[in-house]
Structure formats: structure tokens, C-alpha cells
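What follows are several structures.
In the two assemblies presented below, subunit A is common to both, partnered first by subunit B and then by subunit C.
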Partner chain A sequence: MPRQSKTTSDAREAAPQTGKIRRLHLPQKLRNLELFLLILACGINLGAVVLVQLGALGQIDTTLVLLGASLSGLVFAMHIVLRFVAREADPFILPIATLLNGIGIAMIYRIDIANEEAGWASAAVRQTVWSGLAIALAIAVLLIIRNHRVLFRYTYVAGFVGVSLLLLPLVPGLGREVSGARVWIGFGSFATFQPGEIAKIALAVFFAGYLVRNRDSLSMVGKKFLGMRFPRLRDLGPILVVWALSMSVIIFQRDLGTALLYFGLFLVMLYLATGRLSWVLLGMGLFLGGALIASQTLEYVNGRFTNWLDALNPAVYDAAGGSYQLVQGLFGLAKGGLIGTGLGQGRPELTPVPQSDYIIASLGEELGLAGVFAILALYLLLVARGFRIGFAGQDDFGKLLGVGLSFVIALQCFIVIGGVTRVIPLTGLTTPFLAAGGSSLVANWIIVALLLRLSDTVRNQPRLVV
Partner chain B sequence: MNRELKRVSIVVMLMFAALLGSTSVVQVFQADNLAADDRNTRTLLDSYSVERGAILAGGEPIAQSMPVDDNYKFQRTYSNGLLYAPITGFIPVNGAPTGLEQALNGELSGTSNAQFFDQVSSLVTGQDPKGASVETSIDPVAQQAAWDALGDNTGSVVVTEPKTGRVLAMVSKPSYDPNTLAVHDSAAVNDTYDALVNAPGNPLINRAINSLNPPGSVFKLVVVAAALESGQYTPESTFPNPATWTLPNSSSVVINSGGGTCGSGDTVTIATALKLSCNIPMAELGLALGDDAIRAMAEKFGFNSEFTIPLSVTASEYPEDPDDAQTALSAFGQTSVRATPLQMALVSATIANGGIEMQPNLVDEILAPDLSPLQTFEPVAADRVLSAETAATMTQMMVNGVQDGAASNARIDGVDVAGKTGTAENGADDPYTLWFTGFAPAADPQYAITVLIEDGGGLGQTGYGNLLAAPIAKQVLEAVLNK
Partner chain C sequence: MNPSELTLLVLRLAFLLVLWLFIFGIVYALRSDLFGQRVRKMSTDAPAAAPVPFATPPPAPVPAGAFAQPPAASASAPTEQFSRQKAAPLPQAGPEKATAQTATRLVITSGPKAGTEFPLGTEPVTIGRSSDSSLVIRDDYTSTHHARLMLWHDDWMVQDLDSTNGTFLDGKRVAVPTSVPLNATVKIGATSFELRR
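Showing the complex of A and B:
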């Protein structure tokens, strides 16, 4: 067990001798650290909102400050819940999520000011309310799921739920198409929701459970070829199903990013479970082949590739659905330079949808490369904390689930930020915690709750074997 | 599983490394290229949203940036825009600036090299950069007097200070209101601009420095100066005095204005010819001097070259290779001789300044936002064009012209005004171009003035310089001398 904190092992050693009552009085060092970091994060968030107001309005408006303060209250409530139900949970996850969420709200608010949106039309107000809802749900998850292995029992239910959620937008009357992608559902005029965001959690649970159950047949048997053991034809079933699902998302929902996200998640979890690189190569071959065919046959996929490779070409720039938005985002990032214009002082509103897909460009413009690096470092730290569960965990299901959920965050960052900065073709995905969007917030906060639960289990029950 | 986990961790690290790399490339290495892209509206908006420095005349702002609540952050406002439009120009949100807004854009927007340290310090302190202010040499009294005197004529009045080259007034009519071109609505700017381009009289042209007209008789000053400087002629040198004169190798006939001979007698002196503004003796003199001598003198005054004040001044023209007939015609400012009002003002100012031409200049000082001078423009002598004697002789001849010659309408009681009128033909049936150029007081010249009236001043071919242009000069000189 690498670098297990000394405190917790001391606590465990002390526990059998002094009994349970004694343990309640032990100082919760992890939680105290978390509290300190949370205060820091909330302070930064408050500062960001105030700076936005000073930069863009030239005065302080207390409405959003109060709204933000109530959100901070909710986060502290979650912290208190953790003190009771997951006292050994990782102390970095909650502050990082809080900080990213808060910076996102500040930037969305800044764009609201530029677009002169207020009240319920203000994306920042909605984002704050969604954040509240998401954190409340995360607390509920922490309270309901006291042991992550419960989820193992619901492997196939999770799989069914995940696929259903993914396909929900295709149901006539329920699905909504937003900027070309049919990944939304709505009820009448009721707020729209992206069920695919929640699906990624369900699918991660399903993949973890399924792979733990079937890893032997997937990894042990098969023919060796080019020094690698390739699976039997009949074991190809699951990967083909997931591949077909991803392809149908590309074709029917026209959402390259979501397909890439799910397939990438599946491949990584498959690799972790089986240790077979052949699976990864096979899967990547399948996906790239499918994407290549899609890029030739589907106009929107082809356009994404052209925009990516030839963004600054005037013809591509001026074309309908061309690289205008991408290039505007690049202009914004370039304007930010090394240290940025300062919050409220740039012009992120010149880029289309600066508060969702392009929020990283907006942040890059006002916080500069320094700010972008800090945000990327926060993500990396968050992902690393999740991976710790994988390294330190004792049960394979927990390990797979923890790594899977963290990897989803990493991959999503890569897909959307990489798209904005032209590492890969741009595909529509939300930047976790930062971008405006309720479904994404709810999903990511549930992931936070699950990671907290997993990390607590890892520290509390190190010797249990599934 | 931990072996695989390590590998996946490496993949995640690589993914983030790629993002760190890509953001660095965009935000640092490509940043300058992206900022320079002409589709980058941020760069454009930034150039408008710095607090641009003011343009001042007599210490009062004639162009300044007022804070407003929109994308551009500042609204450029021109006070008394019609009056000062030829000086300030305008800065539109969707195109290139003109006038001083263009000529000193770097200073006004705070991006000139002289302001480099201000830029760095504003980067560190987080304060918005500010542009420098420009104090012009324009005298609001002279400018207003020139504007009033020119009335509804299409034309220009330029007043300079002969001893320093400072431009005190620069009026061009018809004018336009630069405020209408500085609004933050591109469509409205385009409409206004198109309307102005097609408007009669082409208001967007700064006639003082950018319109070329045949100078007519005011060019005789250059020819007489060339004659005196050659050493072969004095004001008393004589030429035959016929009533008509046939151009060499041509059947075309030159007559004096008003017909008849130039005064009485068989011969006429240069002094008389200049005083009465006769064409035939000038044609004879021009032919005798030759085009090379005239061109050399014209170029010493500044013809055939562009210069900046710092506004760009169109080059006045003396033809490169005229034949004898054209040389004769050029001697009284016809054929393809062309001059800007500022160029003619320079001729007068040089004579006024004892033959030394001072570089014309519209700007006194450039002031940093803290009012410390960034750049001060001292008077610069361009060249000695004429000997002091020639200048004195010319002055006396010009004084005679006003006192009892062809420029009599510029006469001011109690002040010796030196001057020369011009009435230039354009096409056979086109209205005349009317001129006056001169200075006062003759003994100690304070003001050099040139008046240009295009389009015959509304009188077609019946108006003449002394009738329309000389009274305007008189009115302006009275205003500035009595202030």
C-alpha cells in the first residue's frame, strides 16, 4: 500500500483497544484538511465573482454573491456529512470540485454581464441553482450508498439504465436537437437535460461490474498473434456491442464527442481488467475505422475534420458550420496570452457559446495561460486522486470503478479542451464542472460523491477481498 | 492491475501534457500571429477601447475619448467637428482613420515606441493604457476667422507663421462632421461615408493639403523669384509689351487679363508685370528663363515632392518636360502646373521669412497622459530658398501689388499687406480657380495666408482673385492682427 497516511493507520491500530466511542473523539485530520481547503476554494470563488463584478461592472452587486454564499453553505454541509459517513474520504476531491464549479460560475456570470442577461435568463443563476441541486444529489448519494459494493449487485441494471439513457434522446417527442446534436431530452417547455451525462456513470458501473465478472474469459483464452493474445471471436461480443452503441451515437445523435468518451472509457476499463493491449488495439482500430468511414460519409463529421485541419483558411472560416467559432476561440486565447486580461476585462462574449463548449477559451482569455495551467493542474490532481483509489484499493470492482470514473473526467477534458486548442477535431462536450449545463454538473458531482465513497472505503477496509 | 494502471496513468499524463502544450502554443507562440489576423475583432476593438489621447487646439480638446458603456468602451467625440475636420480627421470603428487620428495613431492610442515604458507599467499595475494627447499649432481664433471668411465657397484657407512654419489655421470647405463617422454602428458609418463620398464638393477631401489646382498668377511669384535669383534680371528688367502674344510653335494667343497691354509703353518691367499681374511679360520671362530654372526654383519651394506635417501633403506639380509653349504658359501658372494651398502658403511664408523656408508643422507637442511632454516640435529651417535681398525685393513688389495693384482688395488700413492674387483657367468653359497668397505685416511678417476658391466662387468665369479671394484674406488677417 503506497504512502498510506500515517494517521489513518494509527487510528486503525488504536481502534481495537479503545473501542468505538473513543474513535469518535479522534481528530479528523483528513476532514480538517478538507475544511481548510474548502475555505480556501470558497474564498477564491467569492474573489472571482467580486473581480468579475469589479472588472465588468465596476461595482459590487450582492445578488450573485449571496447566491454563491448559499452554494458554499451547501458545500460545507457536504463536508459535514462526510465527517459522519465518510470520515476517511480523500480530502482533495471536494475542494477541487468546489473550486472548478465556482470558477465556472464566475466566468458564466461574466459572460452574462456582457450579454446583459439577468434573472432566470442569466446562465449563471441557473448554473448556481443546478450546482445546488447537483451537490444535494451528491450528498444523497453519499448517504444512500454507504458501501460501493452495493453497486456491484446492480451491474446489469446499471448497464440497462446506461444504454436507455443514452438512447432516450432518440425517442420521438422526448428528444430535442440542439445545434445539430440530438443528445437532449425535454418535457414540453421544461428544462432540457442531457441524459448521456448521467449515462456515463451508469455505464462505468456496468463496465466495472461486467469486466470483473468476465475478465478471465476475456484475458486468458485466445490465439497469440504478433506476440499478443487476441480474443476468441465469441468473446468479441461485448466490445462489438459497445462499438455499435458508439457508432449509433455518431450516426443518429450526431455526437462525436460522446461516442469517443464512452468508447474510450470502455477501452481503458477493458485494458485495466484484462491487461491485454490487444483489446485496446482492436478497439481503437474499430473506432478509428468507424470514424474514418463516418468522416467520409457524414457531412458533419467531415466538416469537423476540415475545421480542425484548416481552421484559418478563409473559405473554411466563412463556411456555414465552418471554423468561425473555433478561430474566435483561438483569438480569445491568444488575447489572453501569458497572464490574461483579468476577470471581466476581456471580450469572451465575441466567441459563440463562450459559457459552455468554449468556457476554457473564455477562461484562457481572462486568466491567461497561467490560469489555464492552474485549471488543468486541478483536473490532473482530481484525476490523480481517483487513480489513487485504483492503486490503493483492495477490491477489483472498486478499483475499476474509481479509475473509470476519474478517467471519464480526464478524457472529457482532453476531448473538449483538445478540441478548442486544435489537438483533435472539435466535438461538443462539456468541460467538467466549468461549463454551463445542469446535466453535466449533476453527473460530475455524483462522480465526486462516488469517488469520495470509494476513497473512504479504500482507507477503512483495506483487507477485504471481493 | 496496477501495471496497467501505471500505463493508463502515463496516457493520462500524456493527454494533459498535450493540453499544456497546445494551450501554450496558442496563447504564447501563435498569439502574435493570431492577434495580427485581420479577422480578429478583439485586436480591432482593443485599438478603440484604449483611452485615446485628445487632440487639442489652443489648449482646448477638439477630439477626445469619452467613456461609454459598450464594447468599444470609449466614444470619440469631436467638438466643433465641421471646423476642425481637416485637422482631426476621424476614426471609424470599421475602417482606417484619417487626419491626425491616422498620422499620429500610434501616439494617440499609446502604442508608439516612445510610450513603450508606459505600456509595460500599465501591464504591471493593471491600469488601462492611455494614449498621448496631441497639442496642435492651430490657433482657434485664426481657424474660426478663416472658416467665417471663406463663407459658402468651395475652397480652403491656410494660415501659417512664417518664422516657425507652424500652421495656425487650416480650413477646407465643404466640411463634414467627424462625429457622424465615429459612431459605434458600422452600418451607420458606412451609410454616412458613402453619402459623403458622393456629396457635391467632396467634403472628405482636405483641400488645404490634398487638392491640386492650377495656381494661375500666384505662381508668378515663383517665376519672378527664379528670375531674380538667376542674377540676370532685376525688377526693372524690361520685356516687350504687346497686347497679344502668340505662343511659340503654335497659333494660340496669350492675352493679359482684361485685355490690352500691361500698363502703357512699348516695354514693361517685371515689377509692373507682377504688380498688375500681366500674363504676356511673364510668358516672355518664363520662356527666357527656361523650364529648368523655373522648375529648380519651384522644387526649392517644395513642388514635386510629398511631405508630412505630419498629415501627408500631396506633391504640388511643375511639369517635367514642357515644350516652349508650355513653358510660357507655366510662367503664369497654367498648363499642367498644380499647387496645393499649403504649398502656395509656403511660397509666401518663405518670402516673408527673408528667403528661409521653415518646415510646415501642424503639431506643437505630444503630451503623455501625465502631461509630461513626449515629443516637442521645435521650428526647423528646411532650406534657404531665396537670398535675403531677393526676399526683400519680392516683398516690396507684393506690397505694391496690394497697395495699388491687382491685389488691392486685400488692403488693410495701417498695415502693409504683401500679396498676390491668382485667377486660373481650368477647361475652356469651366469656372475659374481663384487664389490669394500673401502675408502681413510686410515689415515684420506674423501671418502668411493663402486662400483658394474652387469652382469660380459661384461666379463661373466672371470672378477673379482680387474680387473674391483677396477680401477673404483681408478679413482673416484683420481678425488675427487685431486680436
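Showing the complex of A and C:
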């Protein structure tokens, strides 16, 4: 006996009808979540600036608040663009990047107040303008690159662009030397730019494309030794070329951090593509060997090692180019303690370059351990999202690119924060999103745009093809 | 006016708190990524003994074939509903409907990719030859946008999108959106699939 209820529900009366097929309008759950998080992030950014003003000036001044509001406007514009061109993109990446960028601006502004700089001389104003430019570029990337596989076509172009950007600062007349490292280019007296930051994106694209094309010969053949399959001698070509490139960065551009960044990126992508630990061991051996030789022969590398190992020795502390900066940063971090002195109430300006290389020490002083861990957690989440996108990706190029781009952020954080906290020798690199510096912001926002694009394609892919 | 020490202390602690709230908000939002999809209680085992009353009506024990009639006979999708008191002690009669709770995967049962499966979420599954479908079937009998599976009040429904060669549920051509019973064969072109637990 069919048990049929006589009562019919009105709601079910409106079941979908065949006939005219209308476009299915789904609520954009991901985008709404992103909007909510963005509002929260912009609120925190505004709060940070207000706290800096209350702490350092004792009153609220509206100039930078207005600038910050215009920045928030641009971020919301990016959100709206995502609603149209990348509906399924990851909802966490944009709010995290916004928050990191905003905290950075607040801290730079705080140091401007201490140095009594205002107007165009103020680093915070410049940083805000650069952020605007970077976000506009990120929007452009989202609009232009509708599918990441387009990049696969330009593998070798990307490689050429990457290497030439890397070598650009060595061109006489164009390159500029700032505090020993020749990694800047400038036109006349204004607009200095660090092309190496953009090069890391181009190189990630190149490595991904190259490894997808050639990984078979790099992973299949070779002799087994100590339980690992080691590559043939003639397959060592690519790793030796990248190694030589990073060694030349150490020698000619005098920049340890950049060299470590590129070589680490290549190594990780090689490991991802082949799944063989022997490549990592081989590469780490090569790099450590090279760095050791450099520390014996190159004076500046030697100095970095001395500052690291013997930082609290008064002779090293007082020496020109000694550990003064490093130790001041450590003192600042110690002063911050667990919850910090409060924004605007510490003395981060006592450390040289507190707004760029040492911004994490400045933040550690004013926000304390709790604040620094919050920032590290934000990086962790950002990088984890990138790895997740790579993990969920279905084409190998997308996988490699997603993981490579997010690993570059992770490695850069490790190199610079590890240097400031004296875990590894200090090398000059920018803290992604936080540190003052236009080229770094532009590069990192482009990475954000590429990750968003990747995550959108990954989610939109068919689940099964018969 | 200078804010007092106490105000600054409170503000500074509040700032750190909000910062961490933001982080935990993100972690909460992506918890399914970290710990996997939530395990759902099977609502069919012992409906009377279940401590939590049904949020949704229990599966209607009406054969799905009843709905796959010409539009004139049943213009609307399943309209049967039980009151909770009545339904609870009743044993299961006909085939069980595939609901958001019971159906967890789509399994291809015949065709070139027989044996493969993918998990069902709550989003609709579009089926067709075009590459923007969730389930792409590339054979001569499939239309570009052939059919779709979607949740209608928690039940999986199959809707034919005016395809040339039709969508068949248990051998009957689907004319109106029809609810899909668990383990019933849906045939599109040379491929058939089932929704399973």
C-alpha cells in the first residue's frame, strides 16, 4: 500500500520545470565569505593606524586614514572583479594579503612619526601608493590571464625574462648599489626598483614549465645508491646552471638572500616534479658548499657569518658593519615581551632600517610575541592555501606553479625572519607584504592574483571526464 | 586630549584579540579542509530510536517511476510529505530517495569509465559534452548540456536539459525533474551511473 500523504507542501509545488532553461543563479558563498573577511581585515587595518596615532601622537589625525580608506576601496574593487572573473577563487588569500599589507603600512607610518617625516618623504605614503599600484596590477593580471595554462606556452620566454631581470642591476648606468648589494635599478635619481622580485615570478613559471616538459629524464634513470636513486651525470645540467646563476648573484650582486631564494625555489620544484629526495640532498650539498667557500673568500659573506655566530661580542657589536643592527633588533624583540609595548609606544626607530628589513623586529617590539605569532600564522595560512591549491590542481603545470609561488613566499619569510631572529645568518630580503618597498609589494600582489586565478580554474574543472 | 594609560592598554589588548579572532575565523571557515567533511549520521537505521528528530522529511517510499510520467500526469516534482509522528515508526517500503544525507558519491556503472566515482557535495552536478560540465561525457549520444543533478529540498533530482537522446532513470525517459532513488541507474548516452551511499 503506497503511503501517500494527502497534504502537499507549497514549497515543493515550485519544483524546477523543464521547458525554458534558465541560468542557474547560485549564491556566491565563497565570495560572500571573502567579503566578510575583507571587511574585518580593513577594520583591523584602520584600527592599527588609529592605535599608532593614539600611542605616538595622542590624537587622531585623518590624513593617513583617508589614504588607507582609498586602499580599502581598491581591495574591494578587486573583490568585485573576482565576483565576475573568478567566482570560485579561494576566499582566504585576498583578506590575508590585505591584512598583512595594512599592518605593514601602520608600522611604517609609526616609524615615520618617530623620524618626523611627512608628505612624500614619508615612507608610509609611498608604501600606500605602491600598494595601490600593486593591487591595480593584480586586478589587471586577473583580467588578462583567464587561464593559467596560457603561461605554459611562454615557458622559455618567462625563463629569459627572469634571467635578464636578475642580471639587469649589473648593467652599468642602470644598476644601483644600496647598502652593499647591487640588486636595484634606477632611472636618474628617482624610481628605484628591485627587478629580482619580479624575476621570482617569471622563474617560477619557467621552472614549472621546464620541469613538466623534462621531468621524465630527471626522475626515471640513474643509479641506486644508499637507497636513493641518484641522477646520471649528464642530467645534472639544469641544477648546475641554476646553481651557477645563484652563485653569480652571491659574487657579483653581493646578495646572499636572493641567491638562496632562487636556488631553494628550484630545488623544491624539482623535488615536486620528480619526487626524488636525492635531488634535494644534492642541491643542498651544492649550495652549502658554495656558501662555505663564499664565506671564506668573500669578505661580506664572512662578515655576515661572524655577526650571526658572535653577535653579542662587544668587538663585533661596535665594528663598522658589525652586529649592531641585529642586536638592536633582538633588544627590541625582548622589550616587546609577550604582548608588546603597544602600537606607537615602543622605540623601534632605534634599530637601523626598522621599516624594511627589520619590520618584523619593530612589530615584535610593539605587538609582542602574541602579535608576531599572529603574523606568522597569517603567513602560514596564506602558504597553506597555496599548497592546497597546488594539491587540488589537476594539471601538472598548475600544481607546480601553485606550490612554487607559495613556497617562494614561505622561503622569503624564513630567510628574513630567521635572519632577524638570529636563526640563520642575516641577509637582506623584504618581508612579503609587510616591509617598505614597492617592487616587493608588486611582486607579491601579482603572486596573489596568480594564486586566485589558479584556485578558480582548479575548482571549475570537471570532476570526471568520460 | 591624551588618552589615558588604561585606555591604551585596553585598546592594545583588544587589537591583539581581534587579530587572533581573524585568524581563528579563517581556520574555522576552512575546517572542512583540515579535518575532512563532517561525518553525517545515517538517518535510516533506526528512525524511532534516533535521539534527534528529523530535520527533513524521511525518504518517501514511493517508486521513482511514478514521477517519470508525461508532464500532464504529474506537473510538479514529488509533493509527498509525511508528518513526523506518522513517519517515525513506519518501516521502509520502496526504494530510498537519494538525499543530501544518504548519497555521498556518484559511481559510473557502465561505459568507458565504469567503476570510477566522485564524491557528491551540495553543489549541482552538470552533465554534458561541454568541458564546463562537472561530469563530462564525450560520446555521440550526449548533448552539450545534457542533464543536471541538483538538490531540491535535500533530495537529489535529475533534470533533463532538453537533450536530443534523453536521460533515462531506471529505463524510463526523464521528462520532468525527478527524484533519484539510491542505487537507481541513470543512463546518459552510453554511460550509466548511480548515486550511492
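Operating definition for what follows: the second predicted complex is superposed on the first by the 437 of 466 C-alpha atoms of A that agree within 3 Å, B and C clash if a C-alpha of one lies under 4 Å from a C-alpha of the other, contacts with A are read in each partner's own complex, and residues count from 1 in each chain.
Note that a contact is a pair of C-beta atoms (placed from the backbone, for glycine too) under 8 Å apart; a residue touches a chain by one contact, two chains touch by 3 or more.
The model shown is predicted, which means the values in this text are computed figures rather than measured ones.
Asks: Using the touch definition from the top, say if A:Gly332 reaches subunit B (first), subunit C (second), both or neither.
Replies: The answer is first: A:Gly332 touches subunit B but not subunit C.
Asks: A:Leu37 in the overlay: touching subunit B, subunit C, both, or neither? Say first, second, both or neither.
Replies: second
Asks: Have a look at where A:Ala374 lands relative to subunit B and subunit C in the superposition and call it first, second, both or neither.
Replies: second
Asks: Could you say whether A:Glu116 touches subunit B, subunit C, both of them, or neither, answering first, second, both or neither?
Replies: A:Glu116: touches no partner chain.
Asks: Applying the document's definition of touch, where does A:Gly342 land relative to subunit B and subunit C: first, second, both, or neither?
Replies: both
Asks: Would you tell me the residues on subunit A in contact with subunit B in one complex that are also in contact with subunit C in the other?
Replies: Correct list for subunit A: 342, 368.
Asks: In the complex formed with subunit A, which residues of subunit B make contact?
Replies: These residues of subunit B touch subunit A: 1-5, 7-9, 11-13, 15-16, 18-20, 22-28, 30-32, 34-35, 37, 39-43, 45-46, 71, 126.
Asks: If we count contacts the way the header does, which residues on subunit A are in touch with subunit B in the complex?
Replies: So the residues of subunit A in touch with subunit B come to 268, 271-273, 275, 312, 317, 327, 330-338, 342, 346-347, 350, 364, 368-369, 372-373, 376, 379-380, 383-384, 387, 390-391, 396, 399-400, 403, 407, 410-411, 413-414, 417-418, 421-423.
Asks: Provide the residue numbers of subunit A that touch subunit C in the complex, in ascending order.
Replies: 2-5, 7-9, 11-18, 21, 24, 26, 33, 37, 40-41, 43-44, 47-48, 51, 54-55, 58-59, 91-92, 95-96, 99, 339-340, 342-343, 345, 367-368, 370-371, 374, 377-378, 381, 388, 460, 462-466
Asks: Which of the residues in subunit C end up touching subunit A in this complex?
Replies: Residues of subunit C touching subunit A: 1-3, 7-9, 11-13, 15-16, 18-20, 22-23, 25-27, 29-30, 33, 61-62, 71, 76-83, 86, 90, 93-94, 106, 108, 111-113, 116, 118, 123-125, 131-139, 145, 148, 150, 152-153, 157, 159-162, 175-177, 191.
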